[in-house]
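Letters A, B, C and D mark the chains in the order given here, with residues in each chain numbered from 1 onward.
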């Protein structure tokens, strides 16, 4: 899995702070903007988060190139509707040599790994035989497995990212989208630490688990997640 | 493929007409509502469509149970973001005996059909062997093909449906989602003919193709599509 | 302020329960639907809420006619973007005899009340003089006050309503939109008590305040709010 | 009215071209990105527009500081739901010396202008008397007129902007939001001419009016609008 931050709103923290401040300040936007020193940004954004005022976080967006993920993941990912996606099309691109994502539980078990590889090989052969018979790519792809790798460009604003992290960084989330969520979190934390320092599941953002009886019992700690890159 | 209209806003045409009329009328909503005879609804909704005023169409929604469609279709379907979806989960449901959608081009070619069935059979065996080895369902599903049948409940408002039909009823749309779009159109036309009589690709809604050089050259005719059920 | 539930998805609780159950059940939707007795609906919807699974709540919508509210309220209301609105237009409707919303603090103070009424009267005269001078309604309305009454038809799904109630039913919300939120809550609780019995600010839905140092100190109690109509 | 482009996605045309190309290209995103010379971007984006493929336009956003506009405008503006807004609050900011937007029809007529100014003056006095009587700002504001100036920060993606321009740049749109739409169009055209050269009402984007019998008869010409700044 590769996650590359392709582009993002410049000076994201200043944009969020300015947008938020504008609601309560008599000054003009330009004045608010120029008055926001990094120190003041930090103080102000901290307050926003503590009051649960996240609408100004919508003004900054982050665009990622995501590769080496499965179609199982992408089907789940695009359910996050407050975001934009452009995805590699199996209708138009020949998948004669598709790559796959192997689940860790499969990779860890020699018998399962061999079986998995064998079936993938047969799917590959079947796909190629169908296209050789003249079946259009868009129909041959009906054989392709969820494991098939795909590639996307995704743009999400900071507020929607916070929601995404709250669901998908949790240890109870499905492993592949959880890995993606953490990779994305690392990227955005690098460029906008003030916006994302409390981002994550409830153990990080609220200081206590929200999963009730389903809790994993292993809360993340902010000092761990914000320094590991 | 089965499409069942599970539920919808009662009196959808009266709701749309009332919402639209309220913007321009000094009367109270209740009075507008009770004053809308079917004849007046017809005249008024016709005007809305001719002026391109579709926002009142958002007030009515239609909920469908959709079954016997592929995961290829569902991945494409859920990209329509102004809608709500609940989908059968491959993480939680055992797919030991999954059914598949066979593309017509495959079904029509004996060699392709046989090859397709053979590979599906091997995937089925592989999935079952993995779960027998103790691999969790959520990981064994990485073998499952796009052809695997799924089931969804989808709710979409009439404005979003008009957009969906404009893209997916077109002869140039992918065959499976096009079949779904037409089945849905038939269902909603039955219960709200005034809202949907011009619904469809540009050949139906605008009277001329919007595909330029890619045109199929076979425009739909309103008299055909609105009577075929 | 008048709030009338104009229309809603029939059998809203059954729709939500069916949509949610479909994700985890091998049965067909029709079978899930018919198997949901009221008792089972109650048990199942209770579980959804306790796990924080609210996406199935999107499948049911409620349409309201709202009248006698101010333009101050409507400007705030339409910021809730996951909803549909049709609003009385000040561009097209003559406001020669507009009515106003009087804030309780003004109504309670004789001097303020008199001053308020006097200014409103002058605005009314000014509006009429402008239109008499040939100024178009859409420009004369620039004089109209925030207090001016408006009328809307609004459609919101149950998930978006839960969010709306969490913000606007709170004692710290602005008084007019809070009154609206409670009136709406009463209406939807009548027709879908299972969906809305915990709806409201954090004191109701979570059992504890989320406002931190800004808490009002007067938590709502479920037994009060769910029986008062 | 002041419109300042506060921030935007860097290299917006390259982002759109890369996202669109990724759907149909076997290469990795990074390779697609680096391969897009300005000439190729121009050719490729031209094709997207001609095919009506606008979803890649969602990946780039533009953030504006908007000042000196009326609350009549802002109430209309925020109805565009695929956008983010932060607006100066009349609940929290003292409007003891509010400024107003004067409609051109009023400004052009001495009697109307005088009447308008007189009423605004009385509203101002009334607002100040109410606050002097101890009425909270959030209630005194019920007197404030639609003409009252406000300030917003707005973020909108390029696809949503195209839709906004199609409705609001039209000569039949209300004059104030039309002025705003053109000012915004000029700003984005400066930094992303390939994305916006056909942006505007149907006379610009489609080459023919979509208003039917309501046509203004004065179509905009691309060579005029794209050079006037």
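Note that in this section a contact is a pair of C-beta atoms (placed from the backbone, for glycine too) under 8 Å apart; a residue touches a chain by one contact, two chains touch by 3 or more.
Remember, it's a predicted structure, so these values are computed and weren't measured experimentally.
Between chain B and chain D, the least number of touch steps comes to 1. Of the two chain pairs shown, A-C and A-B, the one joined by more C-beta contacts is A-B.
Chain A and chain B have Cα centroids separated by 28 Å.
The centroid of the Cα atoms in chain A and the matching centroid in chain C are 33 Å apart. Multi-chain contact residues of chain D (touching two or more other chains): none found.
Viewed as a network of touching protein chains, the structure reduces to a complete graph with every chain in contact with every other. Against chain B, in their complex, chain C makes its touches with residues 4, 6-11, 15, 18-20, 22-26, 28-30, 33, 55-56, 58-59, 61, 63, 65, 67, 84, 86-89, 92-94, 151-153, 155, 157. Residue ranges of chain B in contact with chain D, taken from their complex: 50-52, 210, 212, 214.
Touching chain B in their complex are the following residues of chain A: 70-72, 74-75, 78-79, 81, 85, 90-91, 100-106, 109, 111-112, 115-116, 118-120, 122-123, 126, 129-130, 133-136, 138-139, 141-147, 174.
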